[in-house]
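Both of the next two complexes hold chain A, though its partner changes from chain B to chain C.
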Partner chain A sequence: MSNSHNNRAAITRRAYAAVALRTMWRRAEGKFALIVLALWLAVALVSLVWTPQSLWTTDGYHVWAKPSAAHWLGTDGTGADVFSWLMAGSRTNLLIVLLTVVVSALWGLLLIAAMVARNSALASTSVVVIDALISIPTVLIALILAVPMGASIAVIVIACGFGYGLNLARVARPAALLAARSAYVESALANGASGWRVLVSHIIPNNLPVLAVQLSLSAGTAVLAESGLTYLGIGVPSGVPSWGHSLATSVKLINVFPLTVLWPGLIVTVVVVALNVFGDVLRDAIDPVANPALRQTAGSAGKEDER
Partner chain B sequence: MSQDNGVHAETGATSANNANNASSASGTTGATGATTDASLASRAKNPKKHGPKWWLISLIAVIVACAVVIGVTVAYGKKSDSADASAKNMIADTVTIGLKLAPTNLDIRNTAGSALDQVLIGNVYEGIVARDSKNQVAPGLASSWEESKDGLTYTFHLNKNMSFSNGDKLDAEDVAWSINELIAKQYHDADALTAVSKVEAKNADTVVMTLKTPNSNLLWTLTGRAGLVFDKDAKYDLKTQAVGSGPYTVAKFVENDSITLKANDKYWGKNKAKTPTVVVKYLADDNAAVNALKSGDVQVLAPITETLAGPFKSDSANYTVKAGNGTDKYVLGFNNASGSKLADKRIRQAIRYAINHKEIIASRGGADKALGGPIPSLDPGYEDLTKLYPYDQAKAKSLMAEAGYSTDKPLELSLTYANIYGTELGDQLRSQLKPIGIDLKVNVVEFSTWLQDVYTNHDFDISLVDHNESHDFYSWADPTYYFGYDNADVQKLYNEGVAATTDKERDAKFAEAAKLISEDAPADWLFNYRITTVTAKGVKGFPFDLNQTVLPLYNVTYSLAEFSQK
Partner chain C sequence: MSVTVEALSIAIGGKPIAADVNLDIADGERVGLIGSSGSGKSMISKAMLGLLPLNATVSGSVILGETQVIGASERELADLRGRYVGTVFQNPAASLNPVMTVAQQIGLPLKLHYDLTKAERAERVARMLGKVGLSADAANKYPHELSGGQQQRVGIATALITSPRFIIADEPTTALDSITQRQIVDLLTALVDDAGASMLFITHDFSVLARATTRCYVLESGRIVDSGVTAEVLADPQTPESKRLVSAARSLTLRSVDLHSTKEDSHEQ
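== the complex of A and B ==
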């Protein structure tokens, strides 16, 4: 019996996802965001097996070359192919963004759980602590981490995950509190539900729209942070392709070769805009209150349940 | 239905252009926009209730118009001002020079760093002897000198009627006191004078220096900080002021920003300052430096990278771009200590064969010079050693194979260097060493980390650093130096060279030692970095060679007329 229930739940979930996607696709900005993110994913996967030129070919006699048939976006200061490096950079950035989102989601949810805890001492202390911690700039955390760890992807992920998790927790607290103090949670608790169950089945689902917006904002900011920290020399280490690396190596010569700076700059801008838009559209699409199509699916699914 | 009503009413209102109608329409919208579900209503985006605020827009328009008018007036007013000035005087009163590395204070006795030598020696302070742009010893405060046959006694004959900028007389007393003080208080560079036993003022214009052992480097050493002469009787704060005998005095010092030099009106010699005020600006950021030159904030920029100088090169009507000789050696130092992966000579040799120096130099703009050994062309004992290890990938591969490595079974090495040199060199070296079976891991770190890990703790495989000091050949005769190169023959030759009493003998010994070192491959010398300088048209007398350590400014002039004619 429980098996069939699970099956049905999976089917409903799939239906929800399909409806949400369709709703997003219907809007122009949603189309833009979905296309950009899909392209990003595709390019990152392709770059694992193929790039137009090997990343490790350098040619000192043809540095800072203009775009040509051999080098579609020209070459950089070592004579390496800019297009290949940007392609390969997309996979590093994708990895950083995914890891940052996961870390900040876990960290943020942990903090939310602490802030809405029934133990009022824990709840009020964590609010104060988060308010204090949120004042530490992400760049400062990264600089401190870089002392023992050196330049590495972990520095970016930990620093950003930590900082954005704090933000997430603070922004999500009111909605989480509303759910945690609601009548249905009280009745669930009275029926013997554990705190963990309340968090997973009531508080998190009620916070999903806020989480979607915050996490996609974090994803966009993580792309920017990668560029900034790599420029400072504490982000992606030398020899690992990333958009920040391409930007950092070319930005010194923006006066002489503005075109070489343009490509990574353009990609970062488009991706960050896409991620931010994606968050907005996703929020509208997965919120049953804002999306009538979702309500209909829920209604029909509910009827099926009753049957 | 209700939604339709609202929209319809509003469009009607705008087309009718009637105040009464509009207010009633907005009222309807507000009333009919509500839905039965309160939470849906709160999320529905309310259409704008009011039209644009015309008074606000017109206010902004007025402010913008005013700002534009004021801005244009100010900008043009300034331009006509400078045009007037250039018409009046042909030679500018002030020349502004853009340099890169700023000194932290003016204390040339204690503070390390060539930035101080560059701006103060020869301009504010003068030494007993001076250095010319060929890195040779020239007369300074002493007009002539004699060396005894055994090389143990130097007699300096000073110029007459010399004075400091505060009016005090400069005589042999001050010279002897300055050098004795340096040795006694162990000021910066005192270790260069360990061979000196005493310095005496024989009479008002004769100084005698006695040595324990002969030192062929002594005179050159005295052209630097070791030979500077200070006023014995003056009391001032060395960190923020400077009292010297040179053609300029320090009028203003702003840490990490600028130094203003004013002509010394009590200057005794013939190198009188041609420009009354020289401002030295420190521009650490390359793009800011280029913009400062373009906008005319500075008239000279040194150093600038060859690539950044490209646009100025093509604008030869307004700028002169020139690379000068220098003693900067980009040293790819190997860890020669026993137990290191590079203790195997075959691997070191393979690396030297595998590096394409010409390509690296070309990628940097082609101004730098190939360097095959530890001595650059401006230092004693120079010899062209670039033929010892020509670019030969096949030979490099076979040497690596002998040592047991190939592309299938690569040797892992790490390269550690400071981020001030950019990431390009590391990327290039990695791809040049890949085909011979070396997997180079590049760590680009803060300079302080490099100092700690490589220079102090000797914890590295390969290091890259710009050894810019002149006459620094001693580092190859010192087994405790960071690359840990220990060769008894080299040490013997070096000591013989130092003890030599003639320059010819010294040069021969150094050259022989340098060849031995290069053959041993304890390092690879990527290139001899030559500093590129850009000057605006109208600037004359600015030195190009060696200008990061020796920068005489007395001859620099800037004629505005030439620049405004463009």
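== the complex of A and C ==
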């Protein structure tokens, strides 16, 4: 009996996801964001098993080559295939973006919990501390981290996760505070809910739209940060494919071979735009007040329950 | 559940909110607490649940059943709230979580206090919906799709789903129009009496009070200034403060009843 109910709950959740996706797809910019992100995911997966050329095949006679049948996007300064490196780079960037979003979400939510705490000393201290920490540039944190850690993906993820978590907390604070002091939270407390439960099942769900937008902005910024930090030599270590790596190795000769820089630059731009747009359309799609289709899902799920 | 409040004093940030409040509610009794805005009614109800702001200082004693609330641990309080004590709030539009469906909302106290399967919970929620006069398809609606009266029915269902022994109704009708007020008060009192629970009914409105309670306390600036059988307090207020409250309430809500004495009261002032 309970098992069938769990199945129904899973179906409802899947129905919600389907409705949210359909709502996003119906808008032109939503289509663009979804296609770009799906393509990114697909390319990253394919690159695990196949790239047109091996990353380590270099053709010393054809460096900085123009696009051709053998090298679809040409070759770089070592004669390696640009298209293959960009394909392989997409999985590194995907990993960095996912890890950064997870780290900044966890860190940001921890800070939000502190800032909306009933304990006013903790709340006011955390606000001051966050305002102080937010003034430290992410690049500086990355430079400091790179001293003991060297160039590594961890440097990007920790520095960006830390910085974006602070941003997330500060942006979400007013709305989270409103939720924390709201009558429905008081009602949940009066029904015996604990502070953590109130945070997880009342404050966060009511702030999902803000969190979705802010986290997708962070995802976009993480792509940009990867390029910047890798260019500085403290991001992705040399030999590991990434879009930042492809940019960094070709940007010095932009005046001579502009095409080679164009491809990674284009990809980074399109992906960042897609991530930012994704946040906006997601915000509208998951809000039951803004999206009437979601409410209908709840209604039809109820009818299925009755049968 | 019997409730005893003795010498309860509350101050927030050094500012006194309530002083030396004594209240008694017998098992199964419906008692009112009436006072104007800012007289400390809501803070007294919060003190009874241990939900005062952290910068509040509180002394005295609040005994719900056999539990001393003042100084109780957060664990003891969490066990009490929603399970033995149900609360109906003033503004149903704000006290229902906007992203939770009606069924999730009503099921919340069950989820927090009882180890039920989803099916058992859904069944109890459905039964409760019927009791408060909502149709079954309301279960999957969101609060903003309901009218004010329906929202407060959900609030009442949430407060009563665990069959608590004591109900705190903190101005449950203030945000509603007068016809809906009457329906909600009648529903609440009927359900509370059915369950054999006791109730503290907080309001600033004597007409609602007379309908909902048998006995009442009059609160003015954080002090109990009058108490007795509701009908008697209403008909013959003993202290100047309660006279003022009664006359103000009459001129606002009981215009049809005894206009003459109201005029006299205002002449005295």
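By definition in this document, the second predicted complex is superposed on the first by the 289 of 307 C-alpha atoms of A that agree within 3 Å, B and C clash if a C-alpha of one lies under 4 Å from a C-alpha of the other, contacts with A are read in each partner's own complex, and residues count from 1 in each chain.
One rule holds for everything that comes next: a contact is a pair of C-beta atoms (placed from the backbone, for glycine too) under 8 Å apart; a residue touches a chain by one contact, two chains touch by 3 or more.
Model, not experiment: these values are computed from the prediction.
Trainee: Touch test for A:Ala183: chain B only (first), chain C only (second), both, or neither?
Mentor: second
Trainee: So, A:Trp50: does it touch chain B (first), chain C (second), both, or neither?
Mentor: It touches nothing on chain B or chain C.
Trainee: Look at A:Val289 in the shared chain and tell me whether it touches chain B only, chain C only, both, or neither; answer first, second, both or neither.
Mentor: In the superposition, A:Val289 touches chain B and chain C alike.
Trainee: Mind working out whether A:Asn206 is in touch with chain B, chain C, both or neither, as first, second, both or neither?
Mentor: The second partner, chain C, only.
Trainee: Looking at chain A, does chain C or chain B touch more of its residues?
Mentor: Touching more residues of chain A than the other partner does is C.
Trainee: Taking the superposition on A as described, I'd like to know which of chain B and chain C A:Trp196 touches: first, second, both or neither.
Mentor: So A:Trp196 meets neither chain B nor chain C here.
Trainee: Where does A:Ser120 make contact in the superposed view: on chain B (first), on chain C (second), on both, or on neither?
Mentor: second
Trainee: Intersection of chain A residues contacting chain B with those contacting chain C?
Mentor: Correct list for chain A: 289.
Trainee: Which residues of chain A touch chain C in the complex?
Mentor: My answer: residues 1-2, 5-6, 9, 118-120, 182-184, 186-194, 197, 202, 205-206, 208, 288-289, 295, 298-299, 301-303, 305-306.
Trainee: Touching chain A in the complex: which residues of chain C?
Mentor: 49, 51, 53-55, 74, 78-83, 85, 87, 89-91, 94-101, 108-109, 112-113, 117-119, 122, 136-137, 139-142, 144-145, 155, 158
Trainee: Sort out for me which residues of chain B touch chain A in the complex.
Mentor: 39-40, 43, 286-287, 290-291, 307-308, 310-311, 356, 358-363, 419, 422-424, 426-428, 430-432, 434, 441-446
Trainee: Using the touch rule from the top, collect the residues of chain A that touch chain B in their complex.
Mentor: 56-61, 63-64, 77-80, 150-151, 233, 237-239, 245, 248-249, 252-256, 289-290
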